[in-house]
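The following pair of complexes shares a single chain, chain A, combined with chain B in the former and chain C in the latter.
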Partner chain A sequence: MSLLAQYFVTGIATGSFLILATIGFSLTRQVEGFLNIAHAELLGVSAFITWGLNVLAGWPLLPSAAVAIVVTSVFGLVIARAVYDPIKKLGPAVLLITSVGVAYVIGGGVDAVVGTGIRTLDIPLATTYKFYGLRITNYQLMVIALAALTAVTLALFLNKTSTGLAIRAVAANPELAASRGVDVRKTSRATWLISSGLAGLAGVMLAMIATLSTDIAFHQILKILAVAILAGLGSLYSVILSGLIVGVAMDMSVYWIPAGYRPLIAFAIVIIVLLFRPQGLSGRKAA
Partner chain B sequence: MLKRSIHRISLVAATIISGAATVTHADEVTVGVLVPLTGELGEFGEIVANAVELGVAQVNAAGGTSCGMLRTVVADTGGNPELGIREATKMIEAEGAVALLGPTSGVMVALVDMAKRTETVVISPYAGTITLNELGGDFVYRTVSSDLGDGAASGLWLTERGYRTVAFLVQNEESTISPAQVARTKLENAGIELTDYVIYNPGQPSYQAELISVLANEPDAIYLAGGQESGVTVIKEATAGGFEGEWLFTADLAVPEIFDAAGAELLNGRAYVEFADADNSLPEYKAFESLHMDATGGEPGPFSANSFDMVNLVALSLESSGECSGTGINQTIRDVADGGEAVSSFAEGKAALAEGKDINYEGASGPLSFDESGTVSGSYSIQAAQEGQWVNVRFYPASAFE
Partner chain C sequence: MNFEALLVAVLTFGCLFSVLTLSLNLQYARGGMINFGTVAYFAVGAYAYAIVTQEPPSGLDQYLIGLNGPWWLGFLVAGAGAAGFAILTGWPTLRLRGEYLALTTFAFAEVLHSFLLNERGIGNGSVGLANVERPGISWADVPDSYVFAAAALLLMLATIIVYRRILASPYGRAMDAVRDDEMAAEAVGKDVARMRFEVFVISAVPIGFAGALYAMITTLVSPDLFTAEVTFFVWIALVLGGERTMLGAVLGTIVLVTFQEVVRGIPFETVRSAQIAASVEHMLTGAIFVIILRWQIFERISIARSQPA
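Let's turn to the complex of A and B:
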């Protein structure tokens, strides 16, 4: 039983990372109306900037992470302005395919700059704490805390600030929002900054817990898609629920079935939920 | 890092420069170097490419083959079969390559049909995949033994160490699962308890879920058959989770970079690595080692000797057949590798062939004799982590597995 509980605890940490990785992706999907496949590569950009500043330049982790998040945020906006905005009128399918191309370009750029091999941050080995026989590391606790903090901050931002309300208005109905005086272009830019910054934050977490290779960021896209699709379009709260469901289910499944099937579990849940609830957990249908 | 980058740039430059001259000169014969220069296996690709260039320089210094001087064209596969096929096609069709040297397991398997169809010899110095045990032998060769041999060597080491309990963590790839199965059988026959046999997917940020049961059972040792990216994370997470036993890694972790990435203090005195290795007591290896030191200032890396041997085999086959094509190489490669007068360099072999003798190329990586599948029987080394580096502690010659 304690083994099963251990899988549950690990699943919460896995789910929290998925929330961090997916929440920006879902925000873009809601406001811009397409699946930005290049989002996963932004995690890689942030992770390698953090690594470069922390290991090569010898900076402490916190300023390295802060710079990485800001640079990734601006980088995401620049890509949006240069690549996605000019073809926005061509529809979500074209934007999606274009984002695949953008992912390859970013991935190739990281490959060219970073080179071969593996990289790790210059940070201490994780410390393990035990509560009632259950293990959890300080890095896992940090991921869980950051996921919670991000969710609360984003919720406050979207509900209490004028920019946040504008983002929600554009996500719900861009034409109506524009007719009511919302600056759609400015709102779009704010969305890209926030969603790319969130990818940057997830990238920092990736750099802290994982061993970096140039393709590890792109490996996260399938799980990001699973969480986002399961969540549906309605609200960002459903991303939190969806991330936790996928994370806990993937990790707890290892108790019964071989670990090699973890990704299969993620998509099995998506398929089963969508069979009964095609609009996803959030309940709002795509336009 | 800088040195590596400069080297990679020079390889890319070599590719571009050689690519500019797409027509092979009459006095040249082209050999493609198809290796991963980027991605997780990039470290190995560089070692192979360097050793091939060293071999080519030796062949050309000895006056080249009767088909002309060897010319190389280099391309990066990133370890990706699709990219490997694309680059191989360019090498064969645009560059006129008669042989392709250096593909990794996945790329080798993808190239089998093309090698036979285009009559181009493909040789790998590190593709241990057991798929080639069935597919290789005609135009497809390797100067390294099959992965099954790695499994047997690992099993032998785990048994010798006297562990009572061992857990297996195996990356979900054919090249790691096959040897793990062989090692597992060896352990079961020896009565060693297998506490867990976990097959995991690479590319995850964390492997905590995979480690839960492994750590709960507190094995004496963990056999970790995985890549560098997953391996380092597993090592760190298992240590943080309280694992105090020993490790046995497979060849992907047999690189010095592991000590920086995982932390030498986690490995020293408790980690071992198994990999196919040249018999470095042989005079042929010592001669290669000395040559390598003179040319590069450093000791040969993993699969360096196997890579050097590929070039010599191709050059001697061209010299022997007199037919400057992949078919010529394919017809004679087994003959120059086995039977006749022992030679240990291209220059020696060329002289012996000129005298009308049969030759037996004794390679830097060991005596090379291809079986039906175009695979050589191999020897293996176990190295221990000591003071932040890998140090030889055990050598299993090919005869240990007979």
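Let's turn to the complex of A and C:
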């Protein structure tokens, strides 16, 4: 029983990471209207920039992470302006397929620069805390705290600031927003900066809690898709709940089925949700 | 690099993967279905062939079934297996559209991959099945590689002929009608859902055959060979050749295979430089793909052609 509870706690940490990784993806889906498969590759870019500055250049973790997040954020915007914006009129299917190509370019680039092998950041080993027999590391706690903080900040941003309100207006109805004087292009740029920045933050978290190899980004997109679909594509708040559900389900499944099937849980969720409740948890009607 | 070997490899794998591209072309350009799980049907074909033809398990083998059947039976079962898997996956998913269909088919392919990896009873798990039986066809002095190149070419030609016949028939025109205007097609009495399903299953059969041929050529099936990478490869080939025509699908595949074989053929001094070359090959493939979609090169050519000079 306590083992099961332990898996539950680990699942919460996994889920919190998935929330961070998925929020940016869902924000893009909501505002830009397509599934950006290359989003996960941005996690990889950020993780390896952090690693490069921290391990190769010997910087402390915090400045390395900050630089990585900013660079990733700008990088995401540049890709959007160069690749996605000009073909927006061709529809979400073409954008989706194009983003696979973009993922190839980024993934290949990271591979070429970094090379194969397993890497870790130059940070102190995790300290383990014990509560009632349940173990949790300080890095896991940090991921949970950051996920909560990000969710609250994003909610405040989307509800209280003018840019945030503009983003929501464009997401709901681009034509109407434009006719009411919302600068759609500026809003789109802000969205790309924020969603790529969130991918950057998730990438830093990934570098801290996992060992890095260059194929790590591809494995994240599978889970990100699962979380986004369970939440209902394009809804943000249900990402929090669905991220936790997927994380906990994946980690707790190890209790009953072989660990090799852990990634499968995410996909079983995708298939079941799409077949029986395509609108996801949010209940909003799917397009 | 031995030029002759390169040519044979390009011909073999170009024709083999063309079968996949052609099927995808039928599903996407004619049926309007985005199948992001192409590799699954290919893998089913390859595993079906291996399981039917291999000897019963012995020694360290962990697989459970080996029928030791003749190669032609394995080949037929491969096609039937792929069709069966298409029925299994297509029946619940095809009412989904666009990106939702893409995601579900992708998810099904990952589920299959996970089963092949974890259920050692199917095909030894991650080790895979080695020494897959090759048909004992040998003509006098013709090397095996030539025979398989010819077989791949034949399979591709057969696929093209069958698809052409289908598309030229009234059924094919009904398909075009569904693609162009689903509502209108439904209004004149076409069962749209049924047609989509039928196209999906029919086009899975050649993919299964190609999987069997692939297993014969490599004499190895393992989960590593059947990743999402294959699906993306076929998609890139399809976009590269322009999704409109069958010839485009074939040319796109052959160009892409040639590119890969040439890069692989370059001798490298160190492991690191070979690895960089592989990554750069990846980047270039992706970049070409993005550029073609970005400037809609094939749309422009076809528009330019259709306008009277």
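One rule holds in what follows: the second predicted complex is superposed on the first by the 277 of 287 C-alpha atoms of A that agree within 3 Å, B and C clash if a C-alpha of one lies under 4 Å from a C-alpha of the other, contacts with A are read in each partner's own complex, and residues count from 1 in each chain.
To be clear about the criterion, a contact is a pair of C-beta atoms (placed from the backbone, for glycine too) under 8 Å apart; a residue touches a chain by one contact, two chains touch by 3 or more.
Here the structure is a predicted model, which is why all the values come from computation and not from measurement.
**Q** Once both complexes are superposed via chain A, do chain B and chain C end up clashing or fitting?
**A** Pair status: clash.
**Q** In the superposed arrangement, which partner chain does A:Leu275 touch: chain B (first), chain C (second), both, or neither?
**A** A:Leu275 sits against chain C, while chain B stays out of touch.
**Q** Is A:Phe17 contacted by the first partner chain B, the second partner chain C, both or neither?
**A** first
**Q** In the superposed arrangement, which partner chain does A:Pro258 touch: chain B (first), chain C (second), both, or neither?
**A** After superposing on A, A:Pro258 lies in contact with both chain B and chain C.
**Q** Contact-wise, after the overlay, does A:Val94 reach chain B, chain C, both or neither (first, second, both, neither)?
**A** A:Val94 contacts chain C only, not chain B.
**Q** Which of the two partners, first being chain B and second being chain C, lies in contact with A:Leu125: first, second, both, or neither?
**A** first
**Q** Figure out whether A:Gly109 sits in contact with chain B (first) or chain C (second), or with both, or with neither.
**A** second
**Q** On the A-aligned overlay, A:Gln6 touches which partner chain: chain B = first, chain C = second, or both, or neither?
**A** In the superposition, A:Gln6 contacts chain B only.
**Q** What is the contact status of A:Ile216 with respect to chain B (first) and chain C (second): first, second, both, or neither?
**A** In the superposed model, A:Ile216 contacts chain B only, not chain C.
**Q** Could you list which residues of chain A make contact with chain B in one structure and with chain C in the other?
**A** 111, 115-116, 258, 260, 263
**Q** List the residues on chain B that touch chain A in their complex, please.
**A** Residues 1, 4-5, 8, 36-43, 45-46, 78, 172, 198-206, 208-210, 212-213, 215-216, 228-233, 236-237, 239-242, 257, 260-263, 266.
**Q** If we count contacts the way the header does, which residues on chain A are in touch with chain C in the complex?
**A** Interface residues on chain A, with respect to chain C: 34-35, 83, 86-87, 90, 92-94, 96-98, 100-105, 107-109, 111-112, 115-116, 222, 225, 229, 233, 258, 260-261, 263-264, 267-268, 270-271, 274-275, 278, 286.
**Q** In their shared complex, at which residues does chain A touch chain B?
**A** 3, 6-7, 10-11, 13-14, 17, 111, 115-120, 125-128, 135, 137, 140, 205-206, 209-216, 219-220, 250-251, 254, 258-260, 262-263
**Q** Note which residues of chain C are touching chain A in the complex, please.
**A** 34, 92-93, 96, 98-100, 102-104, 106-108, 110-111, 114, 117-118, 232, 235-236, 239, 272, 275-276, 278-287, 289-290, 293-294, 296
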